[in-house]
C-alpha cells in the first residue's frame, strides 16, 4: 500500500496531500479509534479516578480535600509500607528469576528431538491454560503443614507432628507464593523463549561450534543474546503481573505485613471508609512502583538493543 | 559411535536435560494426584496418605450432597461459572480481535507522529496491575449501571487483553510483508477482497495464537471479575477463589478445582493441534 | 499494448532522493530492462509505474494519459515480484486464477484461461500443489502465469531470475523472451545482471544512483558505453589512458593503437581507450604489422572460454578467447586489435 | 594443511538416503568444488565433514585419522554458511574475533590478527557495524574473515556467492582464490553454478542425487564429461545421436563427423556425440573439406559473445562465438569441427 | 428515586398496605436479590434447595448472590446510593448481616425502614422491650435495630477440642488455663484473624474476661458516644495484653510470626489436621455438622470456654433503602422467619433458629427442637449459663483497630494512644 510511503514523503514542502491521501489518512485514524476509546476511557479513566481519590478527591464519601498528599504521606511515612513493598518486590523478583531460569532450560530441552516430545509439548503448557487459583489450590494441598509433602515426611518417620514440617506456606519467605508463580509462569516463559528459539534456528550455534566455542560459550554468547527479546518481554509481563497479583499472597502469604495488593484489599475491606482512600493511595503506589521498575528495565534493555544495532 | 560429538552440539537430550524433564513433569503433574484423591475424600486428616473415610462410604448418610455430588449439582454453580467463563472469554476474544486487527495493521504498516507514545500506551495495562484500577473501575461501573453485568465484565476484560492481542497481531502483520497485498491489488483485488482473500488467511496462525492468548488471559482474570462481578457473575477463578480463600481444600473444593482445570485441558488439546509455537513467538520477538 | 512514458519523474523518501528526474519512453510492445547496481532505484521506478508508489514529481503516462490519480487496481499492469509473493495458502491453480476471480470473471472463462495459461507455463501437473511444494523455477512460472492471465497491458518483472541457478536461469530467460514476443506486451524488467539485460531486452536503461546513465540497445551499450561508469558496469576490463596522436591513433602505455575516429576526440585530447577483452586477438607469433607484445601471466579457464592476463609492460591486458586452444602461462604473445572495436571515452 | 578423505560415506535422514556411499579424496591444500543441483546432498556432505552431522555409515578421515569421535569444536575446520549465520548481536569486529576469543587467545594477539584480517577483507571501516547494516557482499566477507582468522586446516564454504550480483560475485571469486592460494588451506566449497566451480576449483566433484557422478579437473569435466547427465549439467548444448562408422567417424543426422577415437567406442556402436558450441567454427564460405552446411536461424547477443542457432536439417546446432563479427540471421553457413574437440558419450 | 417504590415503602411502613398487597407486588416484581456470605456449602445448598422453591411458590424468583464478604454488599448499596440511586433503583434487595455492617447502613441511612414488626411472622419473635429475652431482637451488637432488620439465626461462640489429642482434664475453661495449656503445647492454638467478626468475637471474650472492673461484658454495651476513649482503653487493656502475651504461644509463632487463619474454613482445616487442638467459632452445632461433613476430626467435642463469657448473638436480614424489589424482599424476610424455614435451616445447615421458641406453639417449638443436629459434649444449660452479650458495634470498630495496631502491627504506642487515634478516625 502506498499509504505509509506517501506519508513518509510528505516532508517535501512542495508536495500537497492529494484527496486520495487524505482519505487513507482518515481511515487510518478511524482504525485506531476503538482501541483508543477502550484504553483512554476505561483504563485511563480508572487510573485518573484512582489517582484523584488517592489525592483526597472523593465527594461521594463526603471527602474532598483535593489535592491532599496526606494519604500518600501516611502510607509512605510508615515503615510497614516499605516492608510490604519489599515483600512485594521480593516475591515478584524471585519467582520471575526462577521461572526465567527454569523456562529457558526447558525451552532449550524442547528444541531437541526426543521420544516423548509431543507429550512434553502438551504437558508444559498445562499450567498456562489454568487459572492461578488452581495453582494456589495445588500449593495448599502439596505444601501446607497438613499437606501431602508433610504427610510423606510423617510416613517416612521424619516428623510426628505437622508443626515439625518446615513451614512453606504462610511465611514471609513466600515459598508458596513463589512456587505458584513459578508453576504458572515457567510455561509462559518457556513458550516465549521456545518460539523465539525456533525462529532463530540453529545455524549461528553451529557456526559458533565450528569456530571452537564450547556449549557454555555458545549458550551465553550466541544463543542467549538472540533470545533476549523473548526473555525480556516475557519476564516483563510476568514481573508486572506478580507485583499486582492478589490471590496468591492473600491465600498463601505470611500475613502481616502483607504484599501491597493485599494491603490495599484490606483497606478496601475495612469498616473504616476513610481507609478507602488510603487503599487508593496504595494501589496507585503499586502502579507507580511497577511502572518505574519496568521502565528502568525497558530503558536498560533498549539501550542494550541500540548498542547492538537493533532499531 | 560419536558419543562426544553428540554431547558437543547434538539434537539429543543431555543426561541433565532428561533428568530435568522428569522433574518438570513431576512439578507440573505431581500436585494433581492429591487433588484427585482429595476430591473423593470424606475425611482426610494428617498424617494419612489416603483418606480415612471416603466420600462414597458416607454418600448415603449425608444430609447434603458431598464432594462430587455437590460439585456436579447446580448448588455448586460450577456449570454456571464454566458457561460464564467460556462465554465471557469468547466474546472478549471476538471483540478484542475486531478492534485490534485494524489497529495492528496501522501500527505495523504506517508511520505517524506519536506512534511510539501510542504503542507505549497500548502496553501500559501490562504494567499497571489490575489491582490499581479495579476499585476505581467498579465505582465508574456502578455509576454507569454496569457493575455485576456481563457487559461490564466483558468491557473490563478488554483492558488487560488488548495489549496481548495487539502485540501478537502487529508482529504477524510485520512478518507478512506488503508484497502479498500489493500483488493482490495489482491483480485487481479491491480493499475488501485483499483483506478477505489474502490478508486474513495469511495472518491466520497469528490471529489464532492471539485469540487463544486473549481467551486464556480473560479466563484467568480474577481480580477484575471479582470486583466488577459483584458476586452476581461467577466465573471459574472467582468461584474457586471463594472456595479456597481460607487456605484449605475440602472435597468439593478439590472437585471444583479439577473442573476449573478442564476447559484449559480441552483448549490445550485443541489448540496444540492448530497452533504452532512459532506463532506465539512473534508476539515476544521484540 | 501500451506506451509508457516517464517525464521528469522524481521520488524522494523523506529527505533521501531515490530517483532524480528520470525521462524514459518505452514503446508499445517493447521489452526494456532496467539495469543498475543494488539500491540505484530500479524497484522504486517499477513501483511508481505500477502505482504502488506515488512520484514526488513529474508524471507517468500510459499512452499519453497521465495515470497519477489512477489507483493500482485500475492501471491494468502486471508485476512479478522479486520473491514472487505467491499466496502461500492457495494452490497453483488458485494463485493463477486469483486475478480473474477477483474481477468476477465467469467460472467457465476462468477455467478456460487457466487451462491455457497452465499449458503455456507447463505447470498443468502441479496445479494442486502449494507454493511451498514447488521449486524456484516453478514458483517463478506460477508468478508469471498469475500475472499474464490478467492480460496486463504493461508487464513488470522485478529481478525475476535472481534466485535461480545457471541452467534454470537460461531456460527462464528463453521462456520469458518467447512469451513476450508471443503476446507482444510492453514489458519492463529489472535486473542487476548485465548478461541477462543484454540477452533479453530490446533496450536497456542503465540507472546509477537514481540517474538514467544510458538508454540504448544492448550492443550499443556494450560496445559504445556513454561513459566510464557504464563501461565499468558493463564489465569492460581493459581501459587504459591515452593521448590522441591523430584522429585515428592513440598513444597508450603499451604503445600506439589504431582506433576508429570518433567525433569530439581529436588529436591532442587525453582520452581513455577501451579494449574489449574478446575483441583482442592473441597471437603466439609476431603479426606482420602492429601487435602489442606481452607475456601471459595468468590463465583462467571457464569452460566455454579462457581468460588470459597479458603483461604488456605498463598495463596488464585481459584477453578472452573461446576455449579451443590453451596458451600456457609465460608464453610470449602479441595482441592484435581491430581499430573498429576500439572505443574512446572521455577521461 | 590437511588431507580429507571420505570413505564410503552414507547419510540417511530417517528413511531418506541423502548421501549414498561417497568416496572422495581431497589433497592437502587443494581447492575442491562440490557441484550439483539443488537438494543433491552438497550441504549434507559439508556438514558431515565439519562434524555437524554424523554419517550413517563410512568414515571421514583427516590426514588418515578417523575423526568420527572428534567433536566439531576440535576438528579445526572452518565453515562459511550459505546464509552466513553471522551473529546478529555482534559487530563486525566481534563476529570476526569470536573464534579467537572463545579459544582464549590473548587480547593483544586477537587485536593484531583482527586488524590483519579486516585488512584482508577490506572491512576496516565497517568494523563497528552490525550484520543488519551490511550489504550482502560485506556480510559474506565478514563470514569469510570470521572463519579464516581461526586458521582452520580445512575451510568449507556453502554456496558462498549465491546471493551476490555479477560484479560482486566476480570480485569475491578472485578474492577467495587469492586467499586460498595465499594460505594454502584445503578448501571445499559448494556451488550449483558450474561457471563458479570451473573458475575456482582445482577439482570438481559433481554430485547427483547423493551419488558422486564425476570427480575431475574442471577442463576434463567440461570437455570430457563422464556421462550424459554430467554433460547436460555442464551446459553442453549440442548432443546428437550417432552411429560409429569407424573408430574415428561418427554418422550423425547432420552428416558424418570426424572424431578422435575413444577406447570402448568402436565401429558399429550407437553413441552420443557432443559438440561444444564454442568448439565449432562458423564459416560463411564452404571449407575446402568437410563442413556441415546449415543456415543461421537465430542470433543471441550477450555482449562478449554471440550465440547462433544453426539449422542443419536434422538438428539445430548452437554455435558460440566471441562477438567480434555479427553474422546475420538467414546467412547460409558451414560448421567446421576439430575432431579432437568432439567427445563421445554412451547412449 | 423511583416515586412508585417510594410510595410503596412509605405506605407499607405506615401500615397502610396490607400483606396480600405486598405479596401481589412481590409477584409482580418477580425477583429478589439476596446477598449473603456464600462460604458455606450447606447454606448454599439450603438456599437453592429450600428457599428457592418456597419463594417460587410465591411467584418470586430468588437470586441468591453469594458474596465472600458481607461488606461487599454494604459497599455496593452505599456506592449506588452515593451515585444517586434512590428507592427502587439499586441492585440489592436483602443482605444477611449483623454488627458493624448493619451499623454502617444505619448510620448512612441506607436502610429500607422499620419493617420487621410488620411482617406476619413477626409474631415468632419477642418484641417486648421489657422482656430481657427480647434484647437480641431489638439490639444488634448493642445498636438498636429499630426493626430495620429481622433476626434470622441465633449463634453462640463455642470451642471444640480434639479428644484424640487433648486429655479431658487438660481442656481449659479459662484464659489462664488456655495459656497454661499452650505453655505445655506451644503452637496448638490460634484464632481467626480480626477484623473477621469471628476473630473479633474471640478478642471481645478475652477483653470481657480480663475486664479490670470484673463486670465482664457490661461496660461494652454502650456506644462510643457514651464511653470516653481513656475509659475504653482502660477496660480493654488487660485483655489485649493477655492476647499480646499469648502470641508467642500461638500457631507457627515459633517460626517468627504467629499465624491467624483468615476464615473458619481455614481454622477447620488446621483443626482437622491436628495443627491446632482447639477450634473456637460461632457454631452451636458446628461439631455435629462438622462430623457430618467430614470437616471435623472424629474425636471433636465441644466444651465450655471461656467460663461466663461465651458470646451469644443473632444475625439478621436487612433491606436496603434502594432495594429494587422491596415487595419481594418483604416476602422473603417473612418466609425466612417462618417456623418451617427455621426448622429446615437448622436441620440442613446447623444454623440455630433465629426465632424465639417461647413465642411459638408447642408443636412448632417441638419441630425446631427436633431439627437440631445436637450438641456434642456440652448441654444447653451450660451454654445458657455461660452466655455473654456482644460488644456494641461502634466499639467493635475501635477494638478491631486497636487489635490490628497493638497486636498485629506490634505498635509500641500505649493502648490509650491507639484507642484515641481510633476514636479520631472513626469520627471523621
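Every chain is named by a letter (A, B, C, D and E) in the order it is written, and numbering of its residues begins at 1.
The rule is simple: a contact is a pair of C-beta atoms (placed from the backbone, for glycine too) under 8 Å apart; a residue touches a chain by one contact, two chains touch by 3 or more.
Values in this document were obtained by computation on a predicted structure and should not be read as measured data.
Taking the definition of touch as given, a chain qualifies here only if it contacts chain A and chain E alike; those chains are B. Chain centres were defined as the mean of their Cα atoms; on that basis the chain farthest from chain D turns out to be E.
The count of contacting C-beta pairs peaks for the chain pair A-B. Using mean Cα coordinates as chain centres, the one most removed from chain C is E.
Separating the CA-averaged centres of chain A and chain B is a span of 15 Å. A separation of 56 Å divides the Cα centre of chain A from that of chain C.
The geometric centre of chain C is 25 Å away from that of chain D, both derived from CA atoms. If you average the CA atoms of chain B and of chain E, the two centres end up 38 Å from each other.
Residues of chain E in contact with two or more other chains: 79, 83, 262, 269-270, 272-275.
Of all residues in chain C, those that touch two or more other chains are 52, 72. Multi-chain contact residues of chain A (touching two or more other chains): 1, 8, 60, 146, 162, 170, 206, 209, 214, 250-251, 310. The residues of chain B lying in touch with chain C in their complex are 177, 179-180, 182-190, 193, 197-198, 201-202, 204. Touching chain B in their complex are the following residues of chain C: 50, 52, 72-73, 77-79, 81, 83, 85, 87-89, 98-99, 102-103, 146-147, 150.
Of all residues in chain A, only 203-204, 206-214, 217, 221-222, 225-226, 228, 308-310 touch chain D in the complex they form. Across the interface of their complex, chain B is touched by residues 35, 38-39, 41-42, 44-46, 48-49, 63, 65-68, 72-73, 76, 79-80, 83, 91, 261-270, 272-275, 292-295, 297-298, 347-348 of chain E. Remark: chain A residues 60-61, 80, 145-146, 161-163, 167, 170-172, 250-251, 254-256, 269-272, 274 touch chain E in the complex.
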